[in-house]
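Next come the structures, one after another.
Presented sequentially are two complexes of chain A, the first with chain B as partner and the second with chain C.
And then the complex of A and B:
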């Protein structure tokens, strides 16, 4: 009982602390930071869209407003947009995400509470990569919450809320649709850890179709509702189209922006296609390899998306790092955890420094920041490979003195 | 005898034909010279050609065969472009410098924005722009869809428009375009006497482009029932104090243009020099004007003895006085840039009148600077007052193509200062979209303040500093990023596809 209290204490405390920090004026400094919010998730852009929407100007008739019409409808009718309210709402969203992560952990362990609950919650709430975007009121925080909710409901075998969360998430950020296959597998199997005893999945494949259908119905309904709000179909190229055509080249910690800034014009469509399709490649192999543990496949896929998606913020790789808290069984088998941690430390210091040097100070150039995004991608790649190695290595058992493990 | 009668008849017939032909076109020229309160001299040369009863071509009939064009005075090179593209009204100005409304008052021609500005009521504008660029040797080709807007509230037709609804307004300005001799030469070619006679002989590039402010304009209007008018203008603001040892405002045609008017242009219907006479200070003007009344002296070039060199001499040294601004409004526009990604645009309007002024504030901003309208704030004498702006209209920019059109009606209370501020974000461009000297920054077109029922006013242009990528690295970036993607992809699939095996370390050691 005391242990479950710990999560119950940690989450509200950190959430309240976050509201207090928000009121100190720090968010105004962070709000326009490129690393914390992309043009697709920035709060300033959301406010701009709301302003246009309220003044009868179609925000999707051009311009740089790339948020979903549902967010417009939500913030212009139900939710007020004052900074105080936004701070509270974002802190609440973080609290819900942390609670969802704790629930995922509990479902994986098949317990109603454990002594690690508070730690798992802190793993999300105390992660600087998720705190800072949340303080900057980036809507990527809301996307993280939706993803964790979708996973939590799936782990609890609640298909409808899980698919609805995922539909809403992929409405806000279409690349998230890639986590549908592992999520569906999770709904059909169980969330418990089977990494140590991999076995072939025996599953009636027909049962997956109702899930697909249900997801499509939700996604269709959300699309239809968005069209009603926006008054036309203009919002689709302005929001979803952005992910594929990359019209906004604002810097972010990801790999796309500088690549397509420097891309030769005649190769642009080809590489846009390659970069978009590249994300799809990982889904099937991961689902096949980890068919015995779809939650782990989903976890790795989140890491891959965090590295390679089009408009990432720090919260995308941050989500992957926080989710590791729910998979403690892999910790003893991580391949090179020191190297990964040092790479992350390196990137975390370089990213803000070189961003400032380039854009504010004017003493560095774009290559400085680009180089630090490469280091950051290496760090995230190393983290994904660490986890992937550990997730497979765990099946072989503990190290013994006379034997080593290699890949053929 | 009969033959003589016949000849007489033929001559009579021919002269009557000639008379009619002469009536159908006429050409007037005028030079007006005005001293300004800061000691400078504004001079405006205006050459007007009117094609009597001419009508613009209907843009709807562009695909049909046009009537043949035959002009005596009307510039054929321009006429061909006007008819080819169905231009009804067109204004092209090429200026260099910042028009100082506070000291110089309203200009004789309203279009004084720095750089090139082209606006036309036209069927389809894209091709006419290239034809004009060719005619005037100017880079008007860069006035493409990235800069073209249609702010009809501010650029109303100055002449008449045919009732057909096919006419659209196309407006574009290009602040980094400069005006120089290569633009003046084709300008002079449009005049009937070129620069060999009449007032056009004063178009001396050495002096014109030496002036503190100079600008040329080509205006085409259609007045219903009257005809098509082509008005070529050249405005300069020169500084006589700059070159004189004694601080006197003295000027002459020689000092302003480096030339006298040697002979009159026979083709001109009227040819006048108009001099605004100074008040409250003794002066001497020579030669004797043809007419002098109401603080104005008038010379009829065709009547006076030539060569003529109008000269003004002041008895006293020039005294700089702190006079109140001679314009309705004083305008200031600045862009504060805290970083290469964000900034704040602010416009300060001072109303010097004892009565409130209503004015339209128009921004036609290229997409590289995007507005955050939700941060738009207005203060009057530093007190927030959001009610001063109304009728807000906003067409957001489309990245990599359409510019922003933003206009708002401001009511500026009497004797007060209105300050508008708005946050802006600056775009990040593809490396191919940057100009060759990317680090210099981008010139932003002037904003236009249009006090209702008065000529429009232009703010100075702005320079915006955009973040630049490294231009030497496209290959390197493609290689680095692709390598990293391939490395992570390869490592992941390496792990996923290869089998784990247990090997005996002890055995290995023995080998």
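And then the complex of A and C:
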């Protein structure tokens, strides 16, 4: 039934449907929703910055505009900003992302096309966590697309486009730089599934340096271009600096905002450092544990970033959930898929509900929404933990008569 | 431990259900509640001396006389509705009443205006004219405002419409009176709405810049609190509190508690919940020795209040015009003068309102300290969230356990065949010679999710059809067609019936598991938003969903009966509750109460899924 869906049919259909929904006026309701776009990805703020930019005012001199100068340049010169165009552009971005995910899946399976392509594409396009931010024209959708493109090119062994995509991505959202190590490993090895047969990585470590150099050149060029656009270096503290110093505490579905709202000011620098460094500690262990399968390490790392990064939107955990479609080999080994799904169901209903109770109806308070983000984090955590467990569990093989596997 | 837990699961489920339902019955018990108290120190209720005196009562009487004359000349703007053919130049004669009120506001020295509005629901147009005035604050910049509102028609649930003439007179007299004092730190807005709910809804949405076409000429600040005055008869004995808002939102309890204190101490008027003056409930079918027991009497009167509360909150119907304010985060309630032969009138009411306004005037921030989630069992007792929420949550947990249990059961099957299959997994215990062998089987999740999605889609279509103008115009015939469609379409799921395969769980079991899990999620999440609705759902969904039988061996006639029962539960309201359905749809069209979409898109599909479980 569903297995005969072809990616070539599914992607354009869903993209067209999305444009149709976008034109129905729904995006205006969603555009300023805290769960769908953060201050760093909101379309309204991008438009405000563009307005200032076009009128010769430095958008970075105020405290509101936190988008990259490259987006300013892109939208003020090449791309129009009409709602219709934005709807089409975001739908296209989703289509490209879905196509990239299908390509990743094909590269992993080492086939040129399969019957599950359509399902994998739907895994991205029909995921409410990715649809809604895209309808709200959040630039996090574009970030997801860049990430999937980077991974796709890496899986196809095309180092230059892959590193360029990653450079763009980490220019827009610096935490993404953390996926460089697994991505580089992926470029040097292969994208196929080796979860069932883990082995030590035999690799000439010197081959990594050209990749690092290439990435740095791209990133440097983008930084330089940004400075040309913005006319000064002021944009760096306003964009990249935001990720580290968290000046804007607008609520979002992540874990940072409430913590730093409650924080006494003299602890702030310390905990900002702890929270930022905390993201880094996952990289090395994951890359070492899954050295036989860097694509899987990258997948888990995406999930970790989706939970713990500053200023996430729903699309960040959504990307991780959609990517599971490319790793069907772990499905039989998941321990508690029903619990994870139910947690996600609860979180997906609680988030908008408590948000409404707090900010619209006025009967709840910030603790309500914070509680729902905790449920959401638990749901995402359960998904990541279970995927991680399944990824390691595959190597042991199926249960036999008299033995069970216990996690100590 | 988990294994022990799993073995005792049937007992645990039954206990959860029992405790949950018993808890629901116990909500009105005085032991679960406590007395109300004022939480916000700034309120200082009943601490001021009031200035409202008999001269102002005389003013109110004068206004009342004028209004009665207007009524007798039948100069309501309602005429405007019936004779839409009248040339537009003559239209002004039809909102004489609104003009009269506007003029009186202006004579009192306030900036006032009228507002014409129209709603179209089905084929009927609802038009009218509101009048309102803004008294700007002498002490502050007017960023905040309080509202005193009255509607032309007094609050009513079903039944006869009475005019709220005395309420309107009070508002007019207060406008004149309050203007004379320089105490106010907030703007005071006086609104007289036409009709009952429609006028106030039109004014509020225009004030907040939505839907109604024209902007209001005079504006004020953010409205924090509002009082709705409802006074229709000659005199009253008690003041009643109506507090349920649109979609079941409740005002901050401090507001009601302050009013209760003020009414008692300043006005000398006892306060009751709703119009329940009698504290004696006559239940002739209960044996006399129980009926006359004071504890039982207390329980029965509390239960009456709680039931009335659930009756308003569950469908999200506002219990008066105050409820409309809740859409815009404004805490409001209705002061309802309970008709009696004395002793109170304009004098007491004016004093109480003046003092309540002074209390609201004291606020430096929005009401936030006291409770937003509570059940009033009478005017001075209430249940905290912790003492009523568990009832619905326990039912929801029981549903979740049953769902997960069914899910686990769907994943395993007893294998009699000794030949080991490839994906075999033994039970935790080492297999003895005679013990049945448990093997895993596939659970068809995708087809089941498609069935569920299809029923919700069907519910959405049902909702769109119901809320279309055509259905509202000819409900009688359409409802039969819709019911038949709802009864027939799920039969299509029977086509999915396949022969039972040993390595696949039956569709019905998996459907039942997911159905229960989803229903549980809905109940537990709704319980925070609208407890009464969650309560109602846990009664209508709880046992019926658990009772749906997923056994494929049942005989067809029995299946047919079970199926029709579920269809009746799902959609019987289409046939048997036409009036209620229409009023719920009206609420959705005019007031955006989301009870109608919730029933169609959530409740009906959930029961339909249970019906399909029986069918498969």
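Assume the second predicted complex is superposed on the first by the 400 of 408 C-alpha atoms of A that agree within 3 Å, B and C clash if a C-alpha of one lies under 4 Å from a C-alpha of the other, contacts with A are read in each partner's own complex, and residues count from 1 in each chain.
Just so we're on the same page, a residue touches a chain if its C-beta (ideal position, glycine included) is under 8 Å from a C-beta of that chain, and two chains touch if they have at least 3 such contacts.
Here the structure is a predicted model, which means the values were calculated and not measured.
Counted by residues of chain A touched, the larger count belongs to B, out of chain B and chain C.
Using the contact criterion defined above for the overlaid structures, shared-chain residue A:51 touches chain B, although it does not reach chain C. Looking at the shared chain after the overlay, A:360 reaches both chain B and chain C. When both complexes are overlaid on chain A, the residue A:398 reaches chain C alone and has no touch with chain B. In the superposed model, A:158 makes contact with neither chain B nor chain C. Touch criterion met: A:64 reaches chain B, while chain C stays clear of it. In the superposition on chain A, A:338 makes contact with chain C only, not with chain B. Common to the chain B and chain C contact sets on chain A are residues 360, 362, 365, 401-402, 404. Touching chain A in their complex are the following residues of chain C: 249-250, 326, 329, 366, 368, 372-373, 400, 404, 407, 423, 425-426, 428, 430, 446, 517-518, 521-522, 524-525, 528-529.
By the touch rule above, chain B contacts chain A in their complex via residues 338-342, 370, 372-374, 392, 394-400, 402, 404, 423, 425, 427-432, 467-470, 473-474, 477-478, 480-481, 484-485, 487-489, 491-506, 508. On the chain A side of its complex with chain B, the touching residues are 32, 34, 44, 47-48, 50-52, 55, 57, 59, 61-65, 247-251, 255, 257-265, 278, 281-282, 285-286, 289, 304, 307-308, 358-360, 362, 365-367, 370, 374, 377-378, 381, 384-385, 388-389, 392-393, 395-396, 401-408. By the touch criterion stated above, chain A contacts chain C in their complex at residues 2, 338, 342, 345-346, 349-350, 353-354, 357, 360-365, 398-399, 401-402, 404.
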